[in-house]
Amino acid sequence: MTYIRPAFRHPGLPKNDLGYSRADYEGAISTLCAGCGHDSISGAIVQACYELNIEPHRVAKLSGIGCSSKTPTYFLSNSHGFNSVHGRMPSVTTGANMANRDLIYLGVSGDGDSASIGMGQFCHVIRRNLNMTYIVMNNGCYGLTKGQDSATADPGSISKKGEPNPFQAIDLVGLALELGATFVGRSFSGDRTQLVPLIKAAMKHEGFAFLDVISPCVTFNNNVGSTKSYSFVRDHVNATANIDLVPHRDEITADYDDAAWVDLHDGSAIHLKKLSQGWDPTNKQAALDRLQASREAGEILTGLVYIDTSSRDYHELAHTAERPLNQLTEAELCPGNAILQQINAGMR
Amino acid sequence: MTYIRPAFRHPGLPKNDLGYSRADYEGAISTLCAGCGHDSISGAIVQACYELNIEPHRVAKLSGIGCSSKTPTYFLSNSHGFNSVHGRMPSVTTGANMANRDLIYLGVSGDGDSASIGMGQFCHVIRRNLNMTYIVMNNGCYGLTKGQDSATADPGSISKKGEPNPFQAIDLVGLALELGATFVGRSFSGDRTQLVPLIKAAMKHEGFAFLDVISPCVTFNNNVGSTKSYSFVRDHVNATANIDLVPHRDEITADYDDAAWVDLHDGSAIHLKKLSQGWDPTNKQAALDRLQASREAGEILTGLVYIDTSSRDYHELAHTAERPLNQLTEAELCPGNAILQQINAGMR
Amino acid sequence: MSSVRSVNDMVVRFANVNGTGSASANSMFSKAIFRMGIPVTPKNIFPSNIQGLPTWYEVRVSEKGYLGRKEGIDLLVAVNPQSLDKDIASVRPGGYLMYDSTRPLHPSQLRPDIHFLGLPMMQMAMDHYSQPRQQQLLKNMVYIGALSALLAIERDVIQEIIREQFGNKESLVQMNFQAVDLGFFYAFEHFDCPLDIRLERRDLIGDHIMMEGNAATALGAIYGGASVLSWYPITPSTSVAQAFEDFAKDLRTDPVSGKKNYAIVQAEDELAAMGMVIGAMWNGARAFTATSGPGVSLMSEFLGLAYFAEIPVVLVDVQRGGPSTGMPTRTQQSDITLAAYASHGDTRHVLLFPSTPAECFSMTADAFDLAERLQTPVIIMSDLDLGMNDHLSPPLHWDDSRRYDRGKVLSAEDLDHLEKWGRYLDVDGDGICYRTLPGTHPTKGAYFTRGSSRDEYARYTEDGTVYARVLDRIGSKWDTARSLVPAAELHEAEEPAEIGLVFFGTSSYAAMEAVDLLRERGIAVDALRIRAFPFGPEVESFLDSHEQIFVVEQNKEGQLRSLLINELEANPKKLRKILNYDGMPITADAIVRGMR
Amino acid sequence: MSSVRSVNDMVVRFANVNGTGSASANSMFSKAIFRMGIPVTPKNIFPSNIQGLPTWYEVRVSEKGYLGRKEGIDLLVAVNPQSLDKDIASVRPGGYLMYDSTRPLHPSQLRPDIHFLGLPMMQMAMDHYSQPRQQQLLKNMVYIGALSALLAIERDVIQEIIREQFGNKESLVQMNFQAVDLGFFYAFEHFDCPLDIRLERRDLIGDHIMMEGNAATALGAIYGGASVLSWYPITPSTSVAQAFEDFAKDLRTDPVSGKKNYAIVQAEDELAAMGMVIGAMWNGARAFTATSGPGVSLMSEFLGLAYFAEIPVVLVDVQRGGPSTGMPTRTQQSDITLAAYASHGDTRHVLLFPSTPAECFSMTADAFDLAERLQTPVIIMSDLDLGMNDHLSPPLHWDDSRRYDRGKVLSAEDLDHLEKWGRYLDVDGDGICYRTLPGTHPTKGAYFTRGSSRDEYARYTEDGTVYARVLDRIGSKWDTARSLVPAAELHEAEEPAEIGLVFFGTSSYAAMEAVDLLRERGIAVDALRIRAFPFGPEVESFLDSHEQIFVVEQNKEGQLRSLLINELEANPKKLRKILNYDGMPITADAIVRGMR
């Protein structure tokens, strides 16, 4: 926001090493549905930045379009934000990073924004190993346009009754691994104990860090089979063909060690499988196998799946100067008329 | 072509079971560079269709933009063809297939057309398991725009001297597997003995059949290190900064059993690794592992990598009527005024 | 304090929080007035958000049948504390404010110049219902009940509507009856009902229906024979696709096999959606897509391909507030320039401008005939106001004797009898050539479709003369199009008028009302409702025959006016702009002001 | 037979097969004439293919310095059997045809009304060189040698050019010398040299240079301070990016670290390319992209975002033959409408129209100042003819005292001293607001950039009044733009003229020649070369002060004319179209014909 926020802070608030309180990392009040998983992730981002002792204004937060892409307004209000167009956050972030390699880039997107319209840009930003954290708030649907299926797995699909979504689901974690992403992790919006450290690790990674965060949409439940608990609502909905009632819900949380079944609002559940403590995330082949295995077991693997500790980011690969390009002086940019006259001479 | 081609055929020409001669599957004369790998693939397509006893007019051939995408003019001149826009062949083919599920759909694309601008559509046509054969003529560069690097592996990269292409190469075979393609194979333009059967198998597959065919670009060799043999030419090129000389070259061929090093025109070579005879292409996990292994060994795996023999195509998944939609009668399409009046009544 | 006296002539606005079930209750209110035979139009003014933000429902009741928006609110039902102050301020002097008196108003909020009607909605709901969700929903029915007392809405009409909605679920029916009665009797006891703004049964509706434009568009596609839909969700066009799917399930499921005589794909984006439409049309099925501004921008390259390769396309553009993401839940008519000339190079596309659900239906059905006849894209320019709000409309009608015009498509038999054929030969002199469908004939009629330059036999060429000749021939189809598209609708004043008013789409409601207002002031105005681009001769002569012409549009630059000037070579000096682009539907008053 | 007498005034056309090394030989021919101080312009007419198809190289020589295309070929060098018949037919009566007499012509090919000059090119090459590749290349030098004898090109000039090209590679130098001599002496012996169309040294070039527009554009970006380029290959814009990379390697590599003071990404497509430009400009680096029509169509949505979110953008559109893929290797000026109004909603973009390499350079450099000053996209409208052909041009110049105008950007210090700041507050009344860059200040100046509607403080809003106010303010920047863009260039006739000729870009060469041709016929014409959109007052007064105005364009619909009518409210009746859209550059004769 461009207006200066009320400066008053409770003196007693705890501060991080830079002297910032948690509130310095917060944003505007969320306008998402009460209980939306996305808000939990925003909270985790605030916590991670606070713990990381980041200067808020050194972060640039970018997003596409969707409920998920709205969240940058709800954290880091002292950071510049850019709510671009649908599915195009990766290219805008790439340009921003090309211009100034010194900022911390945090990209937020949704499963529709990244796995459908943004698929091409998602694949190519990985290929360039752009130094950024890329969070997909994955609810398996198009929230802002009222709940159409997205191309990613529906977290509720395991307990689904009746006809499943006919098409292949795209697993963004598997895709990122296949495309050579240098940091790949997955978590669940409600599992703050796992999520905060993952976000911190991602933001510290030198290169492209991808986080697929499962984040239930409390409002659009495209899973009719398992929704008895809503009979009253659903009667209204069916009757009026007008989904305009949103029951208030509490945030879903899950704090677990190894594996856990997490109940979703629609009464369905997802089976989260945490990578064991001993897991070595630097072994690509193992990561691919493990992922494939849990898919076959119908589990959703969470945790830090893979990291390339020797990652070299876009600028290293491209041999860009250390100093950010947006800080080059006019003298450094413009060769001057003398050289131009030599060039003219070559054209005669 | 819309003009009737010269009807004269040599009486003695061999014919297939439908009574068509090979010439009935040919197209206009190629305008590609002499020795271009793409022409070899066109030849293989002609051969495959001839051997498959396909009625030429039951095939619809579609492409994007590029040298590779020009090839549909060079085969099956009795088939309708559609040279669409750059990177969008998958969506146009999807629409065509939705309209008429009874034709045989052959999509031809390039590595630029599919792995860059067309990446999103490539991923999503796989997801829908559209019943089509999708051939990428993969030369690792943008031929028609004069040889810029593409996002796929450069076949010449193994012997490359000096600075390699800095970015991750996209392996379309690995990508297709990850996205759940039901038929995935790779071959080399010069290996007709392997290629023709693969194309036949792909065209018989019920669902999305992907073939990554390595197809050297004889003209744009972005690999300066290994091109001594061209010193004369290259002198001119450097001197005039004007790549306008195209040496005539013979098509590169390779017929091999297990593994082979194939020399390319630029003096570099690619290491092709053929899947052994005993290979079971129905095991996904094995396919993923095998692919990963050969990547690490710096080999390019060729052959039929994976097939899902129980594949159900888009129309089966979507429960579309058996009869092609473009053959529905007006009576079947239009509910008539009586029903409309009932609908009106409901709106009062 | 002065109070407003009127029968069947008022603006009632509901201020709610979105996601609280108010929409269904509010629509019952309009429905009831409709059932009482009184012309009514509701408009949703909703946020680009799912839950918790202010949303308004504005209902205009007009004995004279004026269906445009009107300035000034006579009665406001304030259910949303967030927007309460703004809502109180929006009531016009002498008007009424009904509020939830469960929490009393702050004295500072009590405007002296309006009437306050306190109704303890939440309290009553809590007293009678246990579950919070029931309380929330039925609270809405309580104020509906109170309104029925205050405005004299026939109670059995409301009951009838409730019955229809909840059908066999008797428990729900009773629950809602009770809630309505609670409100009704509370109002009856506490206020002197009915107010002097009130309703009286009339017979002014005739056989008209109440329907959203998007649903009518979807039905038009069904009746027009569309069997392929590819789309990507975007407000305000999403409900076109969803309605098409619902109708298709009912009307297009094969009775025998139970399989679908249609195919719908939710595409990965708008580019792909348009690609699928092009592929399906090329292959002989009727296909369409629906989107809004951002989608049309993304489809630009493909629209150019369809124009130049001469492939039929039907595109529905439900316009919203631009540029860019703009105001996704507000209305505008600001994609006209883009739609008319989309894509690089010299292109020009056929546009249709519906103003009522009935026209959404008929024009969409017609669009398929036009597209296949002309072998070019046809774009239906609807907007959020028309598409997503209930509109009073003439009933939909289909002439069963009508046959689809599939345009110039050659069958296998035709090909057998043809001496020579070229895909792009203009044999009939109307600029339109004969096409063939894939798989038609074993040896004849195959050709190569491309976006690059080709000769009359579809052979690739770089010969400039041939290229220019092909461009000219494609251009000549424009005259054929002019003769086929729906003509503009002329409304002449009784006495000869020097002033002309030109408008299209949803501006028509306010524009026609403005014509009456001006007549009452003794100003004669001829009105012309544009229904399509290219413009017919009637438009040209209208421009010629008037000294001063005002063009009413809901965009900033006067985009239709530019089209008129470009295409009809009209002198810009005599065409004046009347514009509204704040995202709310234009009003008659604004038009009258604009003409001063 | 009549023969054509002329000195330093001719059209010579080379007919080759592409991919045979002819381009370098042919360019030596033009270069030699240039070095002899005679005005010359070559044009490549090449296929959309890499090898084996016909390609032509057409050279106009004009003592008077006319640099447009001219109809009628005086001398044709026929090296391509495929196109031979067509080539023979293209020579104008009395003209010359030089052909490869290694294979004799068929008698039927011998036109009685032209002169045939048989040169056994291939034979001579085979006699003297062993390797086939050498033979193919040096064959080209043989005909260059023959031409030097026939047209009296100074032999040492040619040798000088060969030396420059092959530099230290003495073996090559000698090989080429020899080939030239072979041709020279053969011609000298067999024909009476020089012909009556011939060349004579002059001093008409002055300090002019010979350069391709795309290279000049790239240099303009270097001098304009661009440090970020994102692009996607497409003919005819590809060489802009490639030249930028080459220049950057030389001029922008950090002397100390050897690292790059620039970043170039070959994007995955044009949408991404534009996204990267927007991201980089938002972050304070000067960035640009170059594309052609199809790319601009794909960038439409992003251009709307940049317009509405007010982010500077520099886009180079090297136009080619549209619509769709059209004629990718031919020239047109047919993206004007698209570029001016790209994207949905009410948008309008600043356009610059260069006509010479010198202007490609200066306008590209200026575009960055304009874009950052106006916080909006600026589009440079070049075309294939200007971009990919060598043009005679004034030398490039840079004023070292000039400083970049980075527009209204607040530093940390500025922010410290600011009481209150809103990203979209129009404090100066010029419609342009102060922006901040990410990372500037710990507590002040952070804001949220979005394509959706917002208030003056960048807060999201759905308030229609605020929304309309913001749209109006953005619109008001247009007047500021008008005062900043380069003014149109007026060429007044000696005596007062009633006829006005309006043109832009590459149409200018032929248009200025046409003005002279008309003067010779006693017709006075005032000429106006448009250089930018929005149009300045000078354009308005030019339209007002002429009875009859002809607008010359290389597109089918008269797109610039439409802009003039829309934006200046000019009466269409007095603006007549002179159009050429066959993909070849327009000629003076065509313009004169068009004015009849």
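In this document, chain identifiers A, B, C and D correspond to the written order of the chains, with residue numbering beginning at 1 in each.
Keep this in mind: a residue touches a chain if its C-beta (ideal position, glycine included) is under 8 Å from a C-beta of that chain, and two chains touch if they have at least 3 such contacts.
Quantities reported herein were computed from a predicted structural model and do not represent experimental measurements.
Q: Counting C-beta pairs in contact, does A-C beat B-C or the other way around?
A: Between A-C and B-C, the larger count of C-beta pairs in contact belongs to B-C.
Q: With chain centres set to the mean of the C-alpha atoms, which chain is at the far end from chain B?
A: Of all the other chains, the one whose centre lies farthest from chain B is C.
Q: Chain A to chain C: how many Å between their CA centres?
A: Whole-Å distance between the two chain centres: 36.
Q: With chain centres defined as C-alpha means, what is the inter-centre distance between chain B and chain C in Å?
A: 43
Q: If a residue has to touch 2 or more other chains to count, which residues of chain C qualify?
A: 48, 268-269, 294, 301, 305, 324-325, 450-452
Q: Among the residues of chain A, pick out those that touch two or more other chains and give their numbers.
A: As it turns out, chain A has residues touching two or more other chains at 85, 116-117, 119-120, 123-124, 128, 151, 318.
Q: If we count contacts the way the header does, which residues on chain B are in touch with chain D in the complex?
A: Touching chain D: residues 31-34, 65, 67, 83, 85-87, 116-117, 119, 142-146, 148-149, 151, 219, 232-233, 235-236, 239-240, 242, 244-248 of chain B.
Q: Provide the residue numbers of chain B that touch chain C in the complex, in ascending order.
A: Touching chain C: residues 1-4, 55-58, 60, 62, 72-73, 77-85, 88, 90-100, 102-103, 120-121, 123-124, 128, 315, 318-322, 324-326, 328, 330, 332-337, 339-341, 343-344, 347-348 of chain B.
Q: For chain C, which residues are in contact with chain B within the complex?
A: Residue positions touching the partner: 34-35, 207-211, 219, 222-223, 225, 227-228, 230, 251-252, 254, 257, 259-265, 267-269, 271-287, 301-302, 305, 395-400, 403-404, 420-423, 436-452, 457-460.
Q: Considering the complex alone, what residue numbers of chain D touch chain B?
A: Residues of chain D touching chain B: 18-24, 27, 48-53, 131-134, 136-137, 165-167, 169, 172, 232-235, 238, 266, 268-270, 294, 324-325.
Q: Chain C touches which residues of chain D in the complex?
A: Going through chain D, the ones touching chain C are 47-48, 292-294, 296-298, 300-301, 304-305, 307-309, 321-330, 332, 334-335, 337-338, 341-348, 450-453, 462, 464-465, 467-468, 471-472, 475, 555-557, 559, 562, 565-566, 569-573, 581-584.
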